[in-house]
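Next come two complexes, and both contain chain A; in the first it sits with chain B, in the second with chain C.
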Partner chain A sequence: MSAYVASIVSVVGINMILALSLNIITGFCGQVSLGHAAFYGIGAYTAAYLSKLGVALPLTLLAGTITAGLIGVVVGLTSLRVRHDFLAVTTMGIGFVFLGFVRKQKWLGGELGISGIPASGLDPLAYALLIVGAAAAVIAFTVWLKRSWMGFTFDAVADDEDAARTVGINVSTYKLTAFGIGTALAGLAGGLYIYFARIILPDTFDFVQSIAILTMVVIGGTGSVWGIVASTIALTLLPEVSRAASDYRLLIFGAMLMLVMRFSPDGLAGLVRRRTTP
Partner chain B sequence: MLFVELAVTGLVYGCMYAMMAVGLTLVYGLLRILHIAHAGVFALGAYVAVVVANATGSLALGFALALVVSAIAGVAIYRFAYQPLLGHPPFVPMIVSIGLFIVMQEGFRMVFGAYGIAFDDNPWYTSTVAIAGINLNYVEIAMVISSVVLLVGFGLFASLTRAGIGWRATVTDPQMATSFGVDPVRVRYVIFLFGSALAGIAGALVGLLNNYVEPTMGGLVSYKALAIIVLGGLGNVRGTLLASLVLGVVESYGTIYLADVFDRDAIGFLFLIVVLMVRPQGLLGRG
Partner chain C sequence: MTVLARIDDLYISFGGVAAANGMSFAVNTGEFLAVIGPNGAGKTTALRMVAGILQPDSGRIIFNDRDVTSLPTHVRARLGLGFTHQVVRPFYSFSTIENVMIAAGHRQTESPWRALAGRSREEARMKAAAILEHIGLGEQIDKSPRALPLGQRKRLEVARAIALEPRLLLLDEPLAGLSSAEAATMADLIRTLPASGITVVLVEHNLGEVLRVADRIVVLDAGKVLAEGAPKEVMARDDVRQAYTGVV
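Let's turn to the complex of A and B:
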C-alpha cells in the first residue's frame, strides 16, 4: 500500500467518523445541526495545541474528544430553548462564532492556523490503520446505539418531542446526550486529522465543511448507518477517481443534495429499502 | 464623533441586511422554508448589474436588468425547487436550498471566473458628500434610499392593494383565504417575485459599494440575513426590519470594541445566540 492509498484511507476514515457523529445528533435524535465542523475544529485545535506542548498522542486525542464533547453539551443547551429552523440557524451561527474566535487568537495561530505539529510516531500506513480502527469502532458503536433503548428513545424524540415528553421521556437529557456523544466523536475525528495533516487552518472547519458532512449524512440516508458508510466512501473517493469530479466537487455535492432530496428524501438507504421490500 | 459615525455605518449596513432579510422572512412566513438559495439570487443581481453596466456603459440599465432577472430567477426557484417539495418536512426543502445555493455559487465561478469583476465606471463609489460632518459616499446613500423606498412601497402594497391583502390573509390562514377566492399559488409567485427583486437590487448595490463582484459574495450576507430573520421572530416582517438595523449597528460597534476577540461575522451570530437564549421567540415574536 503506497503513501497515496494510506492518505486516501485516512481521509475516508475521518469523514466517516464525522458523518456518523453528525448522524447521532441529526439522524437519531432529529436535531438539525449546520455547525458540525466547529466541533471537528475544536477537537483538532485542542489536540494540536497540546501536541505542540509535547503531550503524547493518546492524551491529545482524548483531550480533543472531551473538549469537543463538553462544548457540544453547552451548545446542545440551545436545542432546549429553540427548535427546528431556529436551531438550524443557531448551530450555523455556532460555526461562525468558532471560526471568528479562532481567527483572532494569536495563541492559536490566528489566520495561519497551527503548523509543525509533531509526527504521530507511526508510519503513514499504520496511522491510516489506526484511523480505520477508530472508524470501525464508531460504526459498531452507532449500530449498537441505534438498537439500544437509548436509540429508541432518540427515535421518539426525533419523531415527536411533545409526545415523547408525554410518555415520560426526559427529552432534555436525551438531546444533550446526543449532542455530547456526537460532538465528542467529531472532536476525535479532529484529533486524528492533525497527525495526518500536520498543519491546521481555520478554513478547514468552515461552513462548507459542515455542509459537506451534512451532505454525506443526507445522501447516505439520515438516520441510517450503512447508507452513510457507503455515501462517505463514495463521496470521498469520487474526487480522487475523476479529475473532473475534483474540479467540480462542490457543484456535484450541491446537485446531489438537490436530486436526492427531490427523488429520495431518505437517501441511499431509503432507495435500497424500497427496492428490496416491495 | 466616532460613536456617531459607527452608528451611521451600522445603519447603512442594516438597510442592506433589511433588503435581503425581508425576502427571506416573507418566504418563511408563507411556506416555512429557510430559503438559503436567496444568497444565490443576491449574487445573481450583482453579476447581472456589473456585466450589463460594463458592456453597455449604463448603470441604470444594469440595475433594471438585475431587478428583472433576479425576480424571474426567484420565481423559477419556487416553481422548480420548492413547489414539488411542499408536502415534505421543512428539513427537505432546506437541504435542497443549500444544494441549490452551492450549485449557483459554483455556476458563477465557472461562468465569470473565481476572481471577481469590478465596475469599469463607478462614479458613485468615489463621490462623497458630508452630512452633518459625516462622510458618506453616494452608494451608501443610494442603499438607504432604495431600501426605504422599496420597503415602504411593499408596506403600501400590503395594506392598500387587493393582492397585498390577499397575501396577508394567506399568511394568517391559507385555507380561509383560499375559500374567499385568494389564489395561494399566485400569492407565492408574488412573494418570490418581490423578495428576489429586493435581493437582486441589494446585491447590485453591494457590488457598487465594494466595487467588486465575486462568486461567494452572497454567502456571508445571506447567513446573516438568516440570523436576522430568526432574531426578528421567523416570518415577522416588522421584527425583521428592526433586527436588521440592530444587527448592523451591533456589528459596527463590535468590530471596533471586540476586534481582538472576534471577527465581524462572529459578532453578529454571537449576538443572535445571546438574544435567542433570552428570548427564544426572537425580538418581536413569531409573525
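Let's turn to the complex of A and C:
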C-alpha cells in the first residue's frame, strides 16, 4: 500500500467515525446538530496539546475522547431546553464559539493552530490500519447500540419525547447519553487526525466541516449504519478520483443533499431497502 | 378501603384563568373512578397534573403514601402511574407491537447503561403480544399505527399504558371520537382492569358509558369538586344537573 493510499484510507476512516458519531446524536436520538466539527476539533486540540507535552498516543486519544464527550454532555444540556430547528441553530452557534475561542488562544496556536505534532511512532500504513481498526470498532459499536434497548429507546425519544416520558423513559438522560457518546467519538476522530496530519488549523473544524459530516449522514441514510459507511467511502473518495469533484466539492455535496432530500429522504439505506424489500 | 392516590388542594391557572381552584379528591385502591364535568371544569388538567405533565401552582399529589408533586412524568410512570393521552400519541415510527414492547421493557430502559447492555427483546415481545391479544389487537401487531383506525389506536394507547404494569391508570377520554359500538366495547374493556389489579381514573364526556362502568364519580366544576359518590346518587343531585345543563 502506497503512502497515498494509506492517507486516503486514513481520511475515510476518520470521516467514517465522524459520520457514525453524529448519527448516534442525529440519526438515532433525533437531535439535530450542526456543530459536530467542534467536537472533532476539541478532540484534536486536546490530543495535539498533550502530544506536544510528550504524552503518549493512547493517552492523548483517550484525553481527546473524554474531553469532547464531557463538553458534549454540557452542550447536550441545551437539547433539554430547545428542540428541532432551535437546536440546530444553537449547535451551529456552538461551532462558532469553539472556532472563536481557539483562534484567540495563543497557547493553542491562535490562527496558526498547532504544528510540529510528534509522529505516532507507526509508519503511515500501520497508522492507517490503526484508524481502520478504530473505525471498525465504531461500526461494531453503533450496530450493537442500534439493536440494543438503548437504540430502541433512542428511537422512541426521536419519535415523540412526551409519549416517551409516559412510558417511563428519562428523556433528558437518554439525550445527554447520545450527545456524550456521539461527541466523545468525534473527539476520538480528532485525536486520530492529529497524528495523521501532524498539524491542525482552526478552519479544519469549521461550519463547512460540520455540514460535510452531516451530508455523509443524510446521504447514507439518517439512522442507518451501513448506508453511512457506504456514503462516507463514496463522498471521501469522490474528490480524490475527480479533480472537478475536488474543486466543486461543496457544490456537489449541496446538490447531492438536495437530490437525496427530494427523491430518497432516508438516503442510500432507504433506497436499497425499497429496492430489496418486496 | 385504602386510599391509593390523593390530590390535595390543587391550584393551577393558565393566563389568569384557574383550571384547578382548590381541587381535592382521593382515589381508592381497586376502584373504577370516573371524573366528569362540563367543558372547562378542569378534568384533563387534573389528570395531567397527577401524571406530571402539568405542574400545579400549589397543592400536593400523594400516590401510594408518597408525595409525587415535584416528580417528573417518567418517574411517576415508573412508580406505577400510567397515563393515556386524549389525542392518541403512538410512536408512529414503530409497529403496533413495538409500541407496547417499549413500555413492556421498562426495566431495560430504566438506565442507559442497562439499555446498552441488553439486546434481547423476546421477553418484551411475548408480554406485548399477550397484552395486544387481550385487548383485541392480536391481528394488528405488525401494522403501523398509521394503518389502524382511531378505535384501535385508542386501544393501543391503553395497551401501552398497561404494559408499564401501573397501579393507577389515568385514562383521558379514551372513548372520544369512537362510535357508540366502539365506545361500549372500549368501556367494557377498561372495566376489566380493576380485576387485574389496576385502579382506574377515567376522564370522560360519554356519560352513558361512565354511568354504566364507574364504581364512583367525582364531578368537577370550575376547577373544584362539586360532588362525589355513587353514580346514580351524584347524577340525581340538582347542583350537578345544573352544572351540566344550566337548568334544574
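We take it that the second predicted complex is superposed on the first by the 278 of 278 C-alpha atoms of A that agree within 3 Å, B and C clash if a C-alpha of one lies under 4 Å from a C-alpha of the other, contacts with A are read in each partner's own complex, and residues count from 1 in each chain.
Simple rule for what comes next: a residue touches a chain if its C-beta (ideal position, glycine included) is under 8 Å from a C-beta of that chain, and two chains touch if they have at least 3 such contacts.
This one's a predicted model, so the numbers in the text were calculated from it and none came from an experiment.
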item: Combined model on chain A where chain B meets chain C, clash or fit; value: fit
item: Contacts of A:A156 with chain B and chain C, given as first, second, both or neither; value: second
item: Residue contacts with chain A in the superposition, chain B compared against chain C; value: B
item: Angle at the Cα centre of chain A, taken between the Cα centres of chain B and chain C once the superposition is applied, in steps of 10 degrees; value: 80
item: Which superposed partner A:Y248 touches (first chain B, second chain C, both, neither); value: first
item: Chain B versus chain C as contact partner of A:L145, first or second or both or neither; value: second
item: First (chain B), second (chain C), both or neither touched by A:M256; value: first
item: Which of chain B and chain C A:A136 touches, first, second, both or neither; value: neither
item: Contacts of A:G168 with chain B and chain C, given as first, second, both or neither; value: second
item: Which superposed partner A:V74 touches (first chain B, second chain C, both, neither); value: neither
item: Per-pair minimum CA distance [chain C against chain B, superposed on A] in Å; value: 13
item: Chain B and chain C contact sites that coincide on chain A, given as residue numbers; value: none
item: Contact set on chain B toward chain A in their complex; value: 28, 32, 34, 81, 84-85, 88, 90-96, 98-103, 105-107, 110, 219, 223, 226-227, 230, 234, 259-270, 272-273, 276-277, 280
item: Residues of chain A that touch chain C when the two form their complex; value: 144-145, 147-150, 152-153, 155-156, 158-160, 162-171, 173-174, 177
item: Touch list for chain C against partner chain A, complex; value: 51-53, 72-75, 77-78, 82-85, 89-94, 98, 101-103, 105-106, 108-112, 114-119, 121, 160-161, 163-164
item: Partner chain B, residues of chain A touching it in the complex; value: 32, 78, 81-82, 84-86, 88-90, 92-94, 96-101, 103-104, 207, 211, 214, 218, 248, 250-251, 253-258, 261-262, 265
